[in-house]
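Next come the structures, one after another.
The following pair of complexes shares a single chain, subunit A, combined with subunit B in the former and subunit C in the latter.
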Partner chain A sequence: MTPLMEVRNLCVETTQPPIHTLLHPVSFTLHAGRPLTLLGETGSGKSLLAQAVMGTLPPGLRARGDVMVEGRNFLALPARARAKWWGRHFALLPQEPWHALDPTMRIGAQIEEGHRLVAGRSRSAAQHATDQSLMRLGLADCRRHLPQALSGGMAQRAAFAAARTTEAPIVIADEPTKGLDSTRRDEVVTLLREALNERSSLLAITHDIDVARQLGGDIMVVRDGICLEQGEARTVLDAPRSEYAKRLIAADPRHWPAPASPAPASAQPVIEGRTLRMKRGNRVLFSNLSLTLSPGEIVGLTGPSGCGKSTLGDILLGIITPDEGHVHRARGHAPLRFQKLYQDPPAAFAPHWTLHTLLEDLCARHRLDRGRIPLLMTRLGLHARLLQRQPGQLSGGELQRFSILRALLLEPVFLFADEPTSRLDPITQQDTLALLTDVAREHDCAVLLVSHDPALITASCDRQVVLSG
Partner chain B sequence: MTTTATHHRIPLLRLRVPLPRARMAGALLLALLIAFGWLVPLWHDVSPHHQDLMHTLTPPGAEHLLGTDPLGRSMLGRLTEAVRLSLGLALLSVASAAVPGVVFGVIAGWRPGLVDRSLGLVADVVLALPGLLLVLLLAAIAPGTFWSLYVGIALVLWVEYFRVVRTATRTLISAPQVQCARMLGFGPGYIFRRHLWPELAPEVTTLAAFGASTAVLAVSSLGFVSIGLRPPTAELGLMMTELFPFYQEAPWLLAQPVIMLFLMVLSFQLLAGREPQ
Partner chain C sequence: MPPLAMSLLQRVCQAGLVAWVVGTLTFVLTRTLPGDMAYRIAAGRYGHEQVTAAAAEAVRAELALEGSAVQAYLQWFGDLARGDLGRSLVSGQPVAGELQHLLGHSAQLAGVAIVMALLIGVPFGLASGLSRHRLLDRLGLALAVAMRSLPPFVIGLGLIMLFSITLGWLPAAGSGHLTHLWLPAMALALGLAAVSSRVTHHAMARVAASPFYAFARQKGLSARQALYRHGLRNVSVPVVAYLGVQLIYLMEGVVVIESLFAWPGIGHALVHAVVARDVPMIQGTALVLGLGFVLLNALVDLACRGLDPLRQTS
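After this line comes the complex of A and B, so read on.
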């Protein structure tokens, strides 16, 4: 079997002195029909590797080494010659397809354009090919739709069809499943497997172990710009050799230790929703739904995307009023003690101020004891120097721990955690979630934890509520 | 890439990163113009209105640095007055347009419904009139006065602030960061200060720079067609009209207000940096 692409000693470094090596030399071979997955956390250099292969590194960085495609060193080509290979030899699947589609152009036309202009087919052949691909992806009715009329999954399939018009042999997918729930994620993986045949192959970049497992083929584990381990997917995932790969795989919620024995439900629930009913448009999200949370209890909330998990939490917090039913809060708690953790940690902070300023504001507003901040920071494993930074300069995990800290300052009795770790890397996710549940139990705070991952909920909650949608 | 992104993300009042080069040049040019308008008269005391019919149309020289006009008035004196007038009017009208524009914009963006719709209606009515026409109308009501120009220009300019701020506020107010701030018990004042203003400030300052250049141009266009301020006021557009008949004998005279106007508009355009989103 001849390799599609052979990468030898590829490394990425800064062009300006002092020269930093951001990605240490890696070598791998991509064979037709056999996907290669780069597995690693955010900032590990795996996206840099994809950019280096494509020749799309941002200014200030350069790649060295060889990328051999069809017997030629792609990296040695001048930039303009390389651009000609894009779309024909390489196809890039965008991370967020609905941003990659032209919002003013109909789906059919966007795909047809690729067939005509890049693949060089005649008008009628392009139309035929477009129809074929739309049919195959179950989008036959969407030919004349604008992207905004499509659901997220459909947009993803449409973007896939547009990227595959030339049947470029090397498909690169950078975090194709970021922020998707498990059902949608499986759909995308199925879609990616479509790209595999005797003439083409896939280079996937992900932090999701499940995706790596489902894709099969080969795996490279990358951390801090160093390739720690590479080999056949099943071997690496089932019997990792490097310490980091072991931790990474242990951080898969399926491998988490069983939860501690549930806290005894006290007689007095802290918050209670009674016969709640909510409609969105013509669809009933839930009706006659009742749930109670006792102090210190961690309750999981799962269900497919769009089934009203966030809505239910917002109803309990009083942000949204339900169509029917009502929410009863235990007496004697200030409204401030009912707090929320957000899915995307940076989105929950004012981006222009240091964390010190923001926490200071909070303490000043409610006359809180500032002395608790250092204690809580130690408890949450946050270094004091982070206080002087702005939210954007912190990692997602650190920032989410700061939002836990911010909530804890208000001595919460109920926390609605809306997918608090879904944007974090597996190891960070495990650490953050363990901290959240531990700290909540210590403070006798009830937590309603939303996740699309049933394994995660089983491993970290006392009991769970499933919304069917 | 990230550095350029942060430039206009930093509120103007707390500049920590240097402005990009073009905006730096704009600020410098504006500072020079201000110095010209306000500082030059301090050590070179020449009245812009003092006529000396024995020395008309003199070329620039030791006695009259920039020469004299057909009535023997010092061009230096007249230019400094014209710059003071244009800049003063521009800054004044920009300030009085920006403040209500931002205030109403935030209110409308924050409170959808009746408030938003009625403020939007007023803005649309103002917008339906061509800007210069509104200024002309007011100039016709009270011809030749400073305040009619000022009110007219401010009335035209505030709509832009209103519309930009309203749209930006609407998106920001529904963002998780604001919802979160509310949950943490913060009031509207705090949300404006910490969440809205840092996002709005770059847009507002860019608009202000564009607005100032619009105002400068509007004043001189009206002066040029003799609808704006009246002689003997030294005003750039008016000066151009007055000096136009002498462009063959004394081309340096006509060039002076033209160059001055060009520099003023250039400084504001450089300062603005980019088109508002």
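After this line comes the complex of A and C, so read on.
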């Protein structure tokens, strides 16, 4: 095997004193045909490593160490020269492919420009190469589409085609499966494996153990900027040595402990949907669907993307009216007590105010008891100093716990939790979900929990509803 | 109905509404102005020194100014519906003919001002939006605030003092030669450029920080290729859209600047018509300004639609 890239003692630190080391020195070798996966939580320095290798660190940070590619130390090159290697030696598969495509340019043009301007092909050769790659990736019909018309998976493939017009030997994929359901995730892994051949290889960065397992090759487990263990994928995943790797693997929903015995269904359901039917465009999402939730009951809702999971929840909450059927809510509860938890915590908070202000406003608006905030914060494991921060300064897990707190302040009897942990790391996900279900049971609040991960639903819910789509 | 036709139809309805509102307002306003109308019109015709009570009476009788206001109002609309804007009370010439001549001058001035504003504001905004140096941003902001805070006539006077009086490069006022156009166009352009440069700056900074711009670089495009292929189109949409908002400033500026530089356009004629109480002329010029505003807005709409494919599909 030929080493494509040798990374020696690569570390990332701040440029201004006091100098902090954000990524402690790591060394590894990337071989042709053999992928390397960096596994760890968000904020553990994985993405910094990718940026350091590419030379795209944000201002204020610098990388030290060697990144040897084709006998030259890439890191020692001036910034301008490094940029010339992008797309030619390195292909970066972006984290959020949707946002990485120019919203105003057609897909075909975004791929073709790479063939023409980066790979230096003639106009007709570039057109031909674009058609070929679109065909191979199943995007033949999308040549004239704008990115907004593509699904997440299609955008991922289009970005892949755009990034690899020169067949760059080193492919770097930063969290390529973030927020995708398991079917789409497998598609992306298949796509990434396409980059593996005798001349090229893949450096993947992920928190998803399944992705690491499917990619195979080698694994490095990274936490807080420190490499905890590295070795062959199978060895590391089946017999982890470091404590953290063990926890990370145990946090896979398939390894979660079995749920507590289900709460006895009380006679009086808190919310009930009867013979619901909903269409989107010409497609019937569901029909003749009935479900009831009792106080303190945790019900799972699964199904493929776009099957109407969120729509069903919004119907129960009364945000959307169903085409047929109706929703019956138990008498004597204010509408405010039917609440929703959102998928993306940062998007569910006003960004420029401190959490203290946000909670204060909520209490003032609904005349709530402020005395409950410290108690709930303790229960949810939130430190009081976090109140002085703005939502963007909190981790995803902390922020999602704040949204649980915010919902609990309203004394909910029903919570619709729409993929509340899909953007969180495995360990944080496990902790957050356990808290959510425990607290909901304590408060006799019914929860409808949506997830695309059947193992997660099985492990955390009393029973489940499956939408087939 | 396709969205394009829909938006054009909307604009046509708007134009009708503008015609009615402008016609009515100018009529009411001119009727309620203080002073003897006949006397003012006579002054407009013969000059202030030559006006006598007899001349004013002659005008009054000739134009039937004592007649019913409502009748005159309805008369004007009836004529407008037939495409007749009436005759100037001062010159006796058809208003439509005069407007045609004036409009050419104003369009020339406004057009050159917009082009100049874009040539000054956009490159400056792009440079400061792309630059990491805060200094350029601060400098741009300070200049823009200064330029936009000064009323156009102050900028105009400043330009006259600098280029005509001190340097003697350009004529201070008048028309007929290309050199007469530069100063008034520049006086209008600076205020427009001030805002355009800031809109461009923010749009460019936003695009440059966007993931798709980073991806364009990382897939191998050079800085210049990324700017041309992924920067400019995305920046141009808000810049052009904001030009629509600035049209008010342009219209206002045209009236003031034309008077200041004695540029024989619509705005200049409007001011003269108001002084001379030349009601059909006031109505005609105000109508042209109002309709021009609607037309330019429609053009801005079309330009945005052409630049932004997202608007074509949605």
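In the analysis below, the second predicted complex is superposed on the first by the 469 of 469 C-alpha atoms of A that agree within 3 Å, B and C clash if a C-alpha of one lies under 4 Å from a C-alpha of the other, contacts with A are read in each partner's own complex, and residues count from 1 in each chain.
Here is the rule we use: a contact is a pair of C-beta atoms (placed from the backbone, for glycine too) under 8 Å apart; a residue touches a chain by one contact, two chains touch by 3 or more.
Source: prediction; values computed, not measured.
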- [ ] After lining both complexes up on subunit A, report clash or fit for subunit B versus subunit C.
- [x] clash
TODO: Have a look at where A:339 lands relative to subunit B and subunit C in the superposition and call it first, second, both or neither.
DONE: first
TODO: For A:225, select first, second, both or neither according to whether it touches subunit B, subunit C, the two together, or no partner.
DONE: neither
- [ ] Between subunit B and subunit C, pick out the one touching the greater number of residues of subunit A.
- [x] C
- [ ] Return first, second, both or neither, reflecting whether A:83 touches subunit B, subunit C, both chains, or no partner chain.
- [x] second
Open item on the list: Is A:159 touching anything from subunit B or subunit C once the two structures are fitted on A? First, second, both or neither.
Closed with: second
Open item on the list: By the touch definition at the top of the document, which applies to A:102: first (subunit B), second (subunit C), both, or neither?
Closed with: second
TODO: Would you check which partner chain A:347 touches, where first means subunit B only, second means subunit C only, and both and neither mean what they say?
DONE: first
Task: Which of subunit B and subunit C A:55 touches, first, second, both or neither - done: neither
Task: subunit C region in steric overlap with subunit B, selected from 4-12, 76-84, 112-120 or 148-156 - done: 148-156
TODO: Would you mind listing the overlap between the subunit B footprint and the subunit C footprint on subunit A?
DONE: 59
Task: Residue numbers on subunit A that touch subunit C, as the complex places them - done: 54, 56, 59, 83, 86-88, 90-92, 94-96, 99-106, 113-114, 117-118, 146, 148-149, 159, 162-163, 165-166
Open item on the list: Using the touch definition from the top, list the residues of subunit B that touch subunit A in their complex.
Closed with: 1, 9-11, 175-177, 179-181, 183-186, 190, 194-195, 198
Task: subunit B partner contacts - residues on subunit A that touch it in the complex - done: 58-59, 317, 319, 336, 338-340, 342, 344, 347-353, 358, 361-362, 365-366, 403, 406, 410
- [ ] Spell out the part of subunit C that touches subunit A in their complex, as residue ranges.
- [x] 132, 210-212, 214-223, 225, 229-230, 233-234, 237, 307-310, 313
